[in-house]
């Protein structure tokens, strides 16, 4: 386990992330142009989809059945467990609890990729169809948490006499939110990439492989530098989010991670695949979830959900979480 | 050169509101707008994060009536929950008839 | 603090006109300008496409006379065929003598 | 022929383009940062020039003589045929006809690259000096169409008494337009790249080859995603441009394409080379032509020339045109 | 809709001054600002080069007193050595109390 | 020597630089988006650091001792010689002399990289720890020159009665300047990259190597195109900087270059290493130095230091300087 941790810590990904954090700590002026950040994320998501699609063309539908099912199950359970813990134990307001739960119910593409790279380095590569599962897990968690938030807020509003001049709740129809999440950048690029990859197959993929696969890990390193910078500038908020969220952001991932690993093992995934499913389940989205939450539950405090997803859970998973899920996956598999 | 006195309404808000605010402009009767990307800091530090775009500035030249209608909407629906600032300035516009 | 009252002329136009408009400013006697990239929408939807840059906003602080000369040029040579809007606002400038 | 079509449709380029269009159709928020678009186009044009220059160093002047001549010929004929069809049959105004003709008389670099990649996939690689021909075809078509437009507009203006207060025609000297087209981004990068490639030769090219050649097709895939997004947002304009332009945008390319293939064959080009020359001749510029036309003929409606070049002719060539020109080139060559 | 008359102070300066100018605003009592990237040209062509970013525009809505204090600072510490222009315009702000 | 010059002139780097200059001379509209420029420089600096770090892991401390010492020595001597020449012979004002000296006392990362690539092409690769030396040479020169400037300006101010209304000197504490230089983009990326590279070692570097090493020279070519554009737009200033600065910008590098080569040879560096140290010593910074000087010595005229560093010394080194230092290094080594 220690050796695995060491290898993980000395990976370019973890080190670049730490470099980004350190840059912020020494108050360096270093910043990544927003356009580079956007370009890298477009590249990474599309590359992920394409590779997934090409590999999906080798998979049979029957192989996919159980993994798909447990993935959807995790997408439904994780926002609910998150909400309950935050509301009941953490005593967060309805909106804050639902807002944070939307993040932990969805999935972080970068955490997914990092776990995929990790198991590959460990010589336990995950199944080729894993990106398909990511696209299935991205959206339900957000929808469910936002629905909980909307219903609870409405119920509370009905319970008290409205004050004079109180702002009317923003008229944000669910269909608009659903449309935004389903046609969001990450969905289009990953699902679109999957289909393109599936249609074009191995042979057509060959000439674009040096670009989409050869550059992948390097581009990801640069991306993690930026993630480190972003997380680093949120470190100051750690104080204001409180101890509870610090605990939540590290314990909840482990619970969801173990759940994911067990479910993956049960659904027939390999050790690598179960590890990756665990990491997916443990991860908190910070690409698709934040705008959806900001629009639908504007009274939820962004400092809570952004800081816990980006500055607590993401680094936790990258540094400690993934090796842990791998260790558990191996143990369950009896290795 | 003949110019028409009109009102320039400027709105600075978090980038996520872009489409919604443009809709509000159109609904209130604005005939056009100009949009800028910007950064900013104010009393609320509620922003969805540097990863997701910073602020936008929307400028629209409208009649005083349309400006007032828009301020109303902003005050009721946006001010309480979003980072936003809005103000009016008097301007003299050429071919100003086009914009009312 | 002593300030000079001057005129701020703002022009929003399709990006392709950038160099030509800067030439017009200089020719009309403007001593400087500030330029922004922006997007926008108005009555004419005649734009050379998103592939080629959207709009620009030019701001120049000038005397009332220079502002008037520039509005004239814009009205005659640019308004009929290009997407452009122009307006004046009164401003108080420090060391304003530099700009007239 | 059908098999060729299928292969072409399942190429990453065509699929990425379709993905872009679909994203717009489902009203996704996906957008490519303008700076990425500009960066990719700088990269593609420079890479094209460099590779062309390196390969040009293996060519002899005599080999080039006839291909250069027919290319210049096509650059002179295609704007004139386009203008006449648009003015006489399409009943477009002088400015609109000249504006559209400027686009069809020039060449689309991306269509050129796509055709080059296509014949390579088909194992009929084009001659190494083809990029040289592209640089020769880019500018004459624009100049000729704009000249026709200016002359005709002036003649019409002389025919009627000027109205009071009528705007004076913008004083845009031809030399300014010529300078802009000849020193435009695409000319500098392609011609400059050609000369740099020629001077540096194979050996110096080696260390930069992984960047300029290895990444080329992948970067082009990303570029076509953006082209799809741009074309997709013009689909709504298809209604307003009318049926005639729809026909023009698909039939004119075939006529110019066949002309190009025949001329290429006649000039001694290989099957691949003749196909590529056909695609060049058939294609409509949307990089160099639009700003030149907008500046010189501002009364021409941009919706017409942009929509037909980008949303009709470009996809037509990418999907159907190129395989067709290839088929014709093979037939003519007796294969 | 009720608005408060306030002063909009606009500063255009070379990008390198960004952090220092924001500090000045805060020190002088400004409650917020909005920042834009821009290009420009004026009497001094002293810029650290295109490689290092062009100009920035800072807009801050403040009381007349704060605006005056800031103009003073700019005139003494920045005008002599840096490329900078600053001017005031009158604006009407909603919820204007927040900004004084 | 002539052959070496020819090879150097026909390298993609030199040719891309020339292409950039020519584009400006013909007043082309070609421009590289600022974000691409920033992205490329982030990539190049990080890649430089990473590679340096990985190679540093093979070096022993004792090997490094003398090279480190002479590098620090050069970092102390070159700003002083520059200042004295500019002030005494060139009759520049204190601020202008100190401002220019800060540039020549520091190091240009791109000149360093170009010299490294050059000796590699010549089959005299430099030592793997050279990037370490770059990070050591970047900052002292700037600090020393700015200190000289501040002290001299203060002394002069004390010598005369202050005029009424004279602007007070900007209160810019040295610690702020030191912090800015030490946490500047280039320091963070290079030093950070070095440490990351050192920690991760050869094995973890392998998967990101295609990105950080395979693409390096191509990306540098694109970067030099932009450098050429920037230098080209400064050519007009050559007149206003005067003949003295033209001489200074070409003779000073040779003096510092020879000094560097000799010092390197003496410290036990290989021919390649001594050449690179010479180029480093000869080069003038235009990334870290300009903002530091602009902030600390605002009365220094930027046209002087930017034009001499970017439009005189940089091209001189790239085209003539580096081959010269190489020639001298070989001669000294007795080859």
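We just call them A, B, C, D, E and F in the order they show up, numbering each chain from 1.
By our rule, a contact is a pair of C-beta atoms (placed from the backbone, for glycine too) under 8 Å apart; a residue touches a chain by one contact, two chains touch by 3 or more.
All figures in this text were calculated on a predicted structure; none of them were measured in a lab.
Q: Where the contacts of chain D and chain E overlap, which chains show up?
A: C, F
Q: Look at all chain centres (mean of CA atoms) and spot the one farthest from the centre of chain D.
A: Farthest by centroid: E.
Q: Are the interface residues of chain D and chain F largely the same numbers on each copy, more than half shared, or largely different?
A: different
Q: Comparing centres built from CA atoms, which chain ends up most distant from chain A?
A: It is C whose centre lies farthest from that of chain A.
Q: Counting only Cα atoms for the centres, state how far chain C is from chain E in Å.
A: Distance between chain centres: 20 Å.
Q: Calculate how many whole Å lie between the centre of chain C and the centre of chain F, each centre taken as the average of the chain's C-alpha atoms.
A: 40
Q: Taking the mean of the CA coordinates per chain, how far is chain E from chain F in Å?
A: 34
Q: Quick one: which residues in chain C touch 2 or more of the other chains?
A: Expected reply: 36, 89-90.
Q: For chain D, which residues are shared contacts with two or more other chains?
A: Residue numbers touching two or more other chains: 33-35, 39, 210, 214-215.
Q: I'd like to see which chains touch which, written out pair by pair.
A: Inter-chain contacts occur between A-B, A-D, A-F, B-C, B-E, C-D, C-E, D-F, E-F.
Q: Can you check the complex and tell me which residues of chain E touch chain F?
A: Residues 14, 16, 45-53, 76-77, 79-82.
Q: Please output the residues of chain A touching chain B within their complex, sorted ascending.
A: Counting only chain A, the residues touching chain B are 34, 37, 167-168, 170, 230, 233-234, 286-287, 290-291, 294-295, 298-299, 301-303, 306, 310.
Q: Help me check something: in the complex, which residues belonging to chain F touch chain A?
A: Touching chain A: residues 33-35, 38-39, 42-43, 46, 50, 179-180, 183-185, 187-189, 192-193, 195-196, 199-201, 204-205, 207-212, 214-215 of chain F.
Q: Along chain A, where are the residues that touch chain F in the complex?
A: 7, 10-12, 15-16, 19, 22-23, 26-30, 32-33, 35-36, 39, 117, 121, 210, 214-215, 217-219, 221-222, 225
Q: Along chain B, where are the residues that touch chain E in the complex?
A: 10, 12, 36-43, 55, 57, 68, 71-72, 74-75, 79, 85-90
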